[in-house]
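Structures follow.
Presented sequentially are two complexes of chain A, the first with chain B as partner and the second with chain C.
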Partner chain A sequence: MKIIILKEKLAKGLSIVEKITGRNLTLPILNNVLISTEDNSLRLSTTDLELGISYWGLAKVEEKGEITIPVRTLSGFVSLLGEEKITIESKEKTLYLKGENYKTQIKGLDSKDFPIIPEVVSDNWIEFDAISFCRGIAQVMDFCALTQSRPELSGIYFSFQKNIAKIVATDSFRLAEKTIVLDGAMNGINNSQSFILPRNAVRELVNIFSEHNGKIKFYFSPSQVMIESYIDETQNPQARLVSRLIEGEYPDYEAVIPKEFKTQIVLPKEEFMSQIKIASLFSGRTNEVKLVISPKKGNVLISSQSVDLGETESKMAIEAKGDDVEISFNYKFLYEGLNQMRSEKIMLNLNGQDGPGVLKPSDDSNYLYVIMPIKAS
Partner chain B sequence: MKIIILKEKLAKGLSIVEKITGRNLTLPILNNVLISTEDNSLRLSTTDLELGISYWGLAKVEEKGEITIPVRTLSGFVSLLGEEKITIESKEKTLYLKGENYKTQIKGLDSKDFPIIPEVVSDNWIEFDAISFCRGIAQVMDFCALTQSRPELSGIYFSFQKNIAKIVATDSFRLAEKTIVLDGAMNGINNSQSFILPRNAVRELVNIFSEHNGKIKFYFSPSQVMIESYIDETQNPQARLVSRLIEGEYPDYEAVIPKEFKTQIVLPKEEFMSQIKIASLFSGRTNEVKLVISPKKGNVLISSQSVDLGETESKMAIEAKGDDVEISFNYKFLYEGLNQMRSEKIMLNLNGQDGPGVLKPSDDSNYLYVIMPIKAS
Partner chain C sequence: MNKEELWQAILSQIQFNISQANFSTWFKNTYILSKDNGSIIIAVPNNFSKEWLEKKYNKLILSGLEELNERVKTIEYKVINIPAPQVPKVSNKSGLVTVNQLELEELTLDKYTNLNPKYTFDNFVVGPFNELAHAAGWAVSQKPGLAYNPFFVYGGVGLGKTHLLQAIGNKVGEQFSKKKIRYVSSERFISGVISAIKNQTIDEFKNTYRNFDMLIIDDIQFLAGKEKTQEEFFHLFNVLYEANKQIIISSDRPPKAISALEERLRSRFEGGMITDIGTPDFESRIAILKQKIQEKKTGISEEVLAYIASNIQKNVRELEGALKALAAWKQLHNQDIDLELAKKILKKTINPQPKGLNPQKIIAVVADFYNLKEKDLFISSRKKEIVKPRQIAMYFLREELKSSFPFIGKKFGGKDHTTAIYACEKISKEIMENEQLAGEITVIKEKIYAY
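So, the complex of A and B:
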């Protein structure tokens, strides 16, 4: 193999593919990147056996070939170079890099030993605007379960219904739902298509595509998805993510979202968040923060107490209607939900002290956060 | 005790005194701040038994008194408040805080149990401009020894000679010396006064005073120093640090600094640092980076190799005179020294492959960094 490539392109590609490497200690080749030539491109590929990522960068290909070398070494090296052309050659299992003022050798492994990353060949696909889709995913992805005790909750649920997609995550203490209106092209997607994507795959999806100006395309098969972006207006892929899906049935989450409420409140978001933070200091091991809501007085008392540290209570003016209610939440769940909402005011809807609370941004009906209270003992 | 104080003053004071708390698990009261009234000020004090820090903030004192409470709880709470006046009251062992929209109680301990921080009462003192003095200390403080095997090297050495002060740190692999011209007032300081200040004290000194516009005053006693800043033009202290000194004789470090050199080089600092970083990737466990300096060719080759990873070599143009030399350094020691110099060009002076190298900024004769080479085996 012999190619010439701009430092910038190589560094960009490596930064995208390297993130999933380094987790596997038993199979060292998974810490490597497979470098190969494809037409007039250099292709970089990595995998952790669950996920595969590829990136294509335009290069002058003087001699075809492939090699696999430790990605962190190459990436660390390339990131320190100045803006210039790099000449890359492979001879047997060594990669040679040459620039104006340096010559470097990096030891690799035989590319035959690199695991094959399957492609998804399917006529079922759908297109999204990359930036707004990734932004929507980022609003829910942190709320899936971190344990594997219920595998289906450890992923993010995507469900297609007519002209909308719903993206949902829950750890059974709180649930976030983002609705996205489908306005891109699609093929072979039917009304009840849904799948559960592992959290790692979703995180990489956001890492790779969240700044891509343009479309990304999802290809579906029964057990995998493949997501691709393209170089400018061409059909040539720029970056590709392939992931397995999580098997199993996602719970009927819509059943737990109440539709009617006994108390409805509108709160200033920033002030509410800083009052919660203050109360969190005295919330002790249960993280319990109490809200005493009085629509008549037009205020909420936010309080917490700890046997060891002390106690605090603050008052905040609100707009509210309906019943008085006293309800306790884990401050972290409350805070993290609010933190994903971008509007100045938020709506908090309640059904007594034991029912789930529902948070919504006041100016965005496409986002919803449901939170279970800490029940009075 | 009852006082009224601005949030800003209290938060500032707490941020200064809290840094040395939380290290002691056997004596919980050391995690506390002693809050006391003094004339028209609130005084905050903390100690870790080696160091003591106090801070004075103007306050409306309605009732004298003192109490000690967990500093992190108070500091976390105060930092979250809006800009406003805080009413603080102590009753028995509880502190009550009240503002416009909140009321809070924090549980404390009896102030009688708080360790006494000794003051240094001495006629021996010297004044420095706080900002430039702290900047000078910061250039050497990271280079003292981190182990206690030679206690005198675990501190920073201050030595007064006629009209200059020298500040020195070494871990026996490298040594940094900063010279400061004394232009402030002083009293009772003689020509050969010197002391060794523990690293923690030096770090706090820089934390506390590095942004203080004005003078700081050092008071000496045989076993302690006290450093103070003052409120504006008054003689009322604003912040105070008291520290024990390290006993023992500092080594005669000046004897190891060569005065004449066989090879003298001038290098562009940034480029040299990035070449060292590149070479560090292949330097292996010894951190060894080799320099091959040729004054005749006007260049230096910077190289490293690792059995596992590969090897690299880069070339950089330099100005140099004297003998050719091949010399190896621990890249970390080289890099960290360069990182403390602010000039575009630096001088590297050498005496063969086994003698110490001396680095200096080309435009600042008040800073010096000596580094031992890795001897050829």
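So, the complex of A and C:
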């Protein structure tokens, strides 16, 4: 193999593929990147046997071939290079990198031992605008369950209905739902299509595609999905992510979202968040912050206390209707939900002190966050 | 040689031909799924293993089979999903989440039956107070549709009606998985009817319910006064009943005492088995507490348990609440709980101050219970439907608020204090003689305090 490639392209590709390596100790080759040639491109591939990531970079291919080498060594070296062009050559199991002022050899392994990353060959696909889609996912992805006790909750749920997609995550204490309007092309997708994508895959998806200007394409099969992005210059995709899906039925999450409320309030987001932050200082080990909401007085009292630290109480004016209510939350759950909303004002809708509450941005009906309170002691 | 032995034999050969790392990566969780007429299907855990075995080890496996004299023409590989390996969590942040953090309960419900798997017969504590209900429920779960149909359970708040209903559903689901079971709360049923009417999907709605083999409806008393829903339920009931489908109903009072329930529905409810769940005696309360402790794995001394059991008498949910409060305290302060401490922590639970109880609340609850408007209680009428609730309201004003007789008389449209005395005495006497009235009084009392 002999190719010439721009340093910038190689560095970008390595940064995309390297994140999933280094987790597997039994099979050392999984710490490697597979470098191969395809038409006029250099292809970089990595896998952890759950996910597979590939990146194609335009290169001058003088001689075809392939090799695998430890990805950390290569990316560490490339990121420190000052020059623009790199000549890459492989002989046997060694990779030679050459520039005007340097000569480097990196020891690798036989590419025949590198796992084959399965591809999804399917006529069922759908296109999204990469940036807005990734932004939507990022708004819910942190809320899935971290334990494996219920595997279906450890992933993010995607459900397609007519011309919208719903993206949902929950850890059973809170639940976030993002609705995305489908405006891209699609094929073979019916109304009831849904799947659960593992959290790691979602994280990589956002890492890889969140800055891609253009569309990304999802291919579906019963047990896997494949996501690709394209650039105009080449026929190859630019980046590809293949992931398994989580088996199992996602719970009937819509039953969780209350439709009617006893108390409804509207309040400025920034101020509310800073008041919660203040109260969190005294919330002690329970993280408990108490809200006393009074529509009649038009205010909310935000307080917390701890035997060891002390206590605090602050008041905020709000627009509200419905019943008075005293309710306690884990401040983290409240804060993290608010943090995903971008509007100036937010709505907080409650159903008494033990019922689920719903947070929504006041000017965006496409996002909602359900939160369970702490039972008043 | 059977499938398992064959695969073992092949694996034992292969392990000498490839590295240990490769062997444990690619052959983990593989097995022979089926084998006939010269074709073998091998189950693999994921698509990576599938690709690898197909492309790299197919020859190895084939030659292994040949050596064992197995005639095999084709090998297929099929992905059989097994859950992802459990990644041990590094930091345990959630350890700080307190016992009191509430969960989105509905997420644990079974998507199809709507049942909560945590309610089973195994964790249902049986005592003299619920023996009959339990035995009948068990019989229903063994022969759904045949033993007692409909099965009607009633009893006060927090005594385990829902637990029993769900346990029956779960048991049936376990034994006859093909049975289509549906658990639904009355509120959900009502809102289902309303939205079906609104969206003009009432036929669809009817059909889904008619297809169930077992219908469990909780808190049927909420159907009172909802005529359209009652009518739908009546027809549904008939269809299911005639097809020998099991119907299970719960309520906070016997069918007779549900006001504003159509007579034809009432008589249908009474056509099956009606059983009540009473309040648990001291021994049962201790047994319940011990059961809960086992579930929650918190150590609390016998002495403290006895204190809780002797002070919380009427409500199992409150027993659990007291236990939770102690468990939370223990977790937070990391200190064992003795009797003195327990008394301090449970002060609020055990001696609740009737917060702002006033005549208005009592009147509102009584009127609501008998499906009357509040002002109906104040008009001077001798109609039986009004006289009795009025007397009961008077009785509660006297019993719970210790109001004076002249005050009570004046409150109800300027009646004489002797009328009030008569009313209170009459109700007190009737409670002793009339079991149904006693039941109603208990329910109303609970409602007054839950208000």
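One rule holds for everything that comes next: the second predicted complex is superposed on the first by the 372 of 377 C-alpha atoms of A that agree within 3 Å, B and C clash if a C-alpha of one lies under 4 Å from a C-alpha of the other, contacts with A are read in each partner's own complex, and residues count from 1 in each chain.
The rule is short, and it goes like this: a residue touches a chain if its C-beta (ideal position, glycine included) is under 8 Å from a C-beta of that chain, and two chains touch if they have at least 3 such contacts.
From a predicted model like this one, the values you see are computed outputs, not experimental measurements.
By the touch criterion defined above, A:311 lies against chain B but remains apart from chain C after alignment on the C-alpha atoms of chain A. In the superposition on chain A, A:288 contacts chain C only, with no contact to chain B. Legend: residue contacts after superposition of the two complexes on their common chain; A:151 is shown touching chain C, with no touch to chain B. Once the two complexes are laid over each other on the shared chain, residue contacts for A:77 go to chain B alone; chain C is not touched. When chain B and chain C are set side by side, the one touching more residues of chain A is C.
Overlap of the chain B and chain C contact sets on chain A: empty, with no shared residue. On chain A, the positions that touch chain C within their shared complex are 26-28, 47, 49-50, 52, 113, 115-118, 146-148, 151, 153, 170, 172-175, 198, 223-224, 244, 246-247, 249, 251-253, 255-256, 285-288, 330, 354, 356, 370, 372-375, 377. For chain B in complex with chain A, the residues that touch the partner chain are 70, 73, 76-77, 80-81, 94-95, 101-107, 274, 277-278, 281-282, 308-316.
Taken in their complex, chain C has these residues touching chain A: 21-22, 24-25, 46-48, 50-52, 55-56, 79, 81, 83-84, 86-87, 89, 94, 96-98, 100-104, 106-109, 111, 324-325, 328, 332.
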